[in-house]
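Right after this note come the structures.
Both of the next two complexes hold chain A, though its partner changes from chain B to chain C.
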Partner chain A sequence: MTHLLDIKDLQVTFSNRHGDLRVLDGVSLHVGRGEILGIIGESGAGKSMTGNAVMGLLEPPGKITKGDILFDGVSIIGKAEGLRGKHISMIFQDPLTSLNPLKRVGDMLTETMRTHLPIGKSEAEERARASFEEVGLDPSRLDAYPHEFSGGMRQRVVIALALAGEPELLIADEPTTALDVSVQAQILELIRNLCEKRGLGVMLITHDIGVIANSCDRVAVFYAGRPVEIAGVSELLAHPKHPYSEGLIASMPRIDADSRHEMLRQIEGSMPALNKLPKGCAFAPRCHKVMDKCLEQQPIMQSGRAACWLGEA
Partner chain B sequence: MGNWWQSDLFYSYRTNPVAVISSVVFVVLGLAALFAPWISPTNPFDAGSLNLMNGFTPPFSANQFTGDYFVLGTDDQGRDLVSAMLYGMRISLMVGILAVGLAMVLGVTLGLVAGYRGGWVDAVVMRLADVQLTFPSILIAMLVAGIARGLVPPDQREGMATIILILSIGLSDWVQFARTVRSSTLLEKEKEYVQAARVLGRSHLAIMFRHILPGIVSPVLVIATISLALAIIAEATLSFLGVGAPPTEPSLGTLIRIGQDFLFAGEWWILLFPALTLLLIALSVNLLGDWLRDALNPKLK
Partner chain C sequence: MAGNSHGLFVWNGHMALIIIQRLLQSSLVLLLVAFVAFSMFRFVGDPVENLLGQEATLEDRAILTERLGLNDPLPVQYIRFVGKVLSWDFGVSYRTGVPVADMISERLPATLELALISAIFAMVLGISLGVYTAINRRGWLANFVMSTSLIGVSLPTFLIGILLIWVFSVELGWLPSFGRGETTDIGGWDTGLLTIEGLRSLVLPAVTLGLYQMTLIMRLVRSEMLEVLREDYIRFAFARGLHTKSIHQRHAVPNTLLPVITVAGLQLGSIIAFAIITESVFQWPGIGLMFINAVYFVDIPVMSAYLILVALMFVTINLIVDMAYFAIDPRIRSGAGGGK
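Moving on, here comes the complex of A and B:
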């Protein structure tokens, strides 16, 4: 069976006069229909870059130098423009800046629908009302401008817009980062519901492991431009195989732990610059379980779990 | 939802006496020009109705030979100056508005494409604009007018004169629009909603004209208003220099040129009244443009 989205050994390089910078290297992951894949990692780990690569939004000098991106079994490298909105859609972090302040949201919605679907004006308006109800907004607000909505409602508008062309895959790039926590939960639940109801595949990019725990089926943990661990959510949270995943989970405040007496753990140091990646495992300098082999040779992800030498030995 | 009379712009207009007065002056002159055929005492373009005996009649008095009375006097051909000015304003305003329209369409389109596409398109358009800016725009207009006249067969030159005028002023004035629109486009296209529109699969054309353009209309409006005053003056200048409206269908500039010939012979009115009218039009449009610029500038609020 072909996956909805299948990224195979993707490498993205930015070249300038100082040389080549591999912002993504050896990225392999897949998203199925009706599945939410979480992508987590710290800033600069390549989370958003993966999303941009799929959407064909890499700006020069960045380009795909290796690997393939398959959508429904067909390579879409260089062809993503024709898929945007119709098959793959994307939503961004800040719902205010992703809406044109001068246009009524209903007009944006019907225009987007009519770009992708062979429908007339009245049917588009009909559908716009239905889609507003689907994302939990009052259809009477279709005449409003973006500034007349609250942050959470705006993100609902953005989601309605992203789904206007009835795409099969949604890339959500930190969709809840700009929202407060209660609204965040509502938006995640909305995405979850849409995913189940429409069979939508979702790539949910975030740096918040709480978001992952709440909404995803599987998770890819990114570090320094490559996934270091890909696993089911409960599996990863309970038994992280990679020391980095372990550190991420340990650094999350827990409500059940006796935190009054315990300091929150943190991962020492910071991610190495992409042009100064160590020879072996990129995480080795910060890893508390580091072995000689880690400094020598880069671990590869085997049987799709963790890219770490620990499991091999 | 606010109505237009509750808008900030209208409030700023209402509370600014200069804006109110200049817009009233402009509207009155504009209406007078528009309805010239109905309100003017004679038809100055009808050469057959002119009586050369009426030539050089001074204002506010009757002609010494024929006894005909003309409020503001007549020119050398015996044309009633009021009628000639009404019809002249018609030509001046029409040429000005259409020339600015042409410059606006041309400049906005080129500026939008240059700013949005960038790269060599941007370089070519903007270098062209830079080169054109090194010449005085009246020179460009004369150049275009000269070339256009050369291309038109001599027997059609009279009829084409107005179109040539519009073309030459329009082509000399697009640079302002293109530069402003380009810089606004550069700012606007970096905004996230433009990228959002891209990921929703909107075409480049739709993004340029439906998303970016509405965001940059206010500087365009300001430039259009100020350009209108300049275009009307440019038309007068070209006509004054003799490459504009023909003497058979005089615009304000043509009337001023005719009047200039007789100024030192004592027939001052042929020059004075058209010149004052031109001044009034240009000043009112200019003041309106100034007000609009301040009213639409968020930094001055």
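Moving on, here comes the complex of A and C:
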């Protein structure tokens, strides 16, 4: 079966006169219909870059230099512009700045619908009302301007807009980071529902492992420009295979009884700069289980679980 | 969050309040300017001497001083002055003996037409070139326009005027170098916009007067537009697949023009003020030229009337700019204030 989105060995390079910078290297992952794939990692690990590469929105001089991105089995590199909105859509971190302040939200909604669907004005208005209801907003507010909504409501408007062209894949780049926790949960639940109801595939980018635990089916852990572990969420949380995933989970505060007196653990050190990656495993300098082999040779992800030499030994 | 009908009521009330506030501020500014204009009579030369000349007898002087009300207390004189100005009476020119109000109504059309055409030239060309150079940031044509525009910003107006006369009137002989050409009288308004000769005469002075504003508006629009193109809502518009052209036209340009309105309004005011130089270079029979002549002869009534007139235009334009924001920006309309 073909996956909705299939990224194969993707490499993205930023070139300038100082040389090449590989911001993504060897990224392979896939998203199915009706599935939420979480992407987690530190800032600069390549999460958003992966999303932008799929959307064809890489800022120059960023370029895809290797690998392929398949949508429904067809390569879309260089062709993403024709798919945006209609097949793949994306939402961003800050709902406060994601909406044109001078336009009524209803107008933006019908504008986006009529760009992608062969419908007239009145049908677009009809659909706009339906889509407002779908994302949990009162259709009477279609006449309002963005500043008349709260942050969480604005993110609902943003989601309605992103889905206006009825795409099959949604890339959500930290959609809840700018919202407070109670609103976060509502937005995640909304995304979860849309995913189930519409069969929408979602790539949910976040740096919050709590978000992953609550809403994703599978998760890809990114480190220094590549996924180091990809697994089902419950499996990853219970039995992380990569020491980095393990560290991430251990750094998450928990409220169960036995952990109450434990200190919260953190991963020592910080992610290496992309132009100063070590020879072997990029995580080796921070890894508490490091072996000689890790410093020599870069581990490869075997049969889609973890890129780590530990499992091999 | 109020419902829609209620919301409408709220911003109407809010708007009325702002308008009243602005009108009060404008009146205050005009009263202050009128005070300066009034003081000119007192402190620049002696009006009695100006009117009678140096051979008048002491008795004549006393009679005239009494007749002009110059023996009254200062506040009374000021109030009388403001009252006259309000009824469009600026006194009689020392030099020509003609009522200043008549001189103004005879010459104002020339200046207003010149300013209007310059402003249209500056805005239309400035905005379109600014948008073009922002969208095609790396194109050679955009870069060429940008570097040429430096000339427009750095050359003084009179030099541009003289250069244009030299090229287009003297060397090429295409356009007249001075005056308004043929004019038509429509209900007391002397217009040069209806005859070919009148329009041809307008070209050089209008370009001279508007060139600086045009380049200024262009550079402002370009930098604003570049800023707007980096905004999240533009990225999001691309991400949901809107066409590039409609993203530029319907989303980026309106947001770009918002801060430009204020500057453009002020520029329009200075177009009228700067018209003095252009009118001198092109011997354009407008109020700027009238003012320059008045300065040579210390014709105080004309100078003070000019001062009040220019202030009135500035204040009016500013008022219109403020109103324009209400029409365009929903955030100001609802009194939400602040926030991007």
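What we mean here is this: the second predicted complex is superposed on the first by the 309 of 313 C-alpha atoms of A that agree within 3 Å, B and C clash if a C-alpha of one lies under 4 Å from a C-alpha of the other, contacts with A are read in each partner's own complex, and residues count from 1 in each chain.
To be clear about the criterion, a contact is a pair of C-beta atoms (placed from the backbone, for glycine too) under 8 Å apart; a residue touches a chain by one contact, two chains touch by 3 or more.
None of the values given here were measured: they were computed from a predicted structure.
Taking the superposition on A as described, I'd like to know which of chain B and chain C A:I159 touches: first, second, both or neither.
neither
Check the residue A:C195 against both partner chains and state whether it touches chain B (first), chain C (second), both, or neither.
Once the two structures are laid over each other on A, A:C195 reaches no partner at all.
Please indicate which partner A:S140 is in contact with in the superposed arrangement: first for chain B, second for chain C, both, or neither.
Touch status of A:S140: second partner only.
Identify the partner contact of A:K86: answer first if only chain B is touched, second if only chain C is, both if each is, neither if none is.
Once the two structures are laid over each other on A, A:K86 reaches both partners.
Can A:S98 be said to touch chain B (first), chain C (second), both, or neither?
both
Quick check on my understanding: which residues of chain A belong to both its chain B contact set and its chain C contact set?
55, 57, 81, 83-86, 89-92, 94, 97-103, 111-112, 115-116, 158, 161-162, 164-165
Please give the residue numbers of chain A that touch chain C in the complex, ascending.
Interface residues on chain A, with respect to chain C: 55, 57, 81, 83-86, 89-92, 94, 97-103, 111-112, 115-116, 140, 143-145, 147-148, 158, 161-162, 164-165.
For chain C, which residues are in contact with chain A within the complex?
On the chain C side, the touching residues are 1, 3-4, 7, 231-233, 235-243, 246, 250-251, 254-255, 258, 328-331, 334, 336, 339-340.
What part of chain B is in contact with chain A in the complex they form?
By the definition above, chain B touches chain A via 191-193, 195-203, 206, 210-211, 214-215.
Can you list the residues on chain A that touch chain B in the complex?
Residue positions touching the partner: 55, 57, 81, 83-86, 89-92, 94, 97-103, 111-112, 115-116, 158, 161-162, 164-165.
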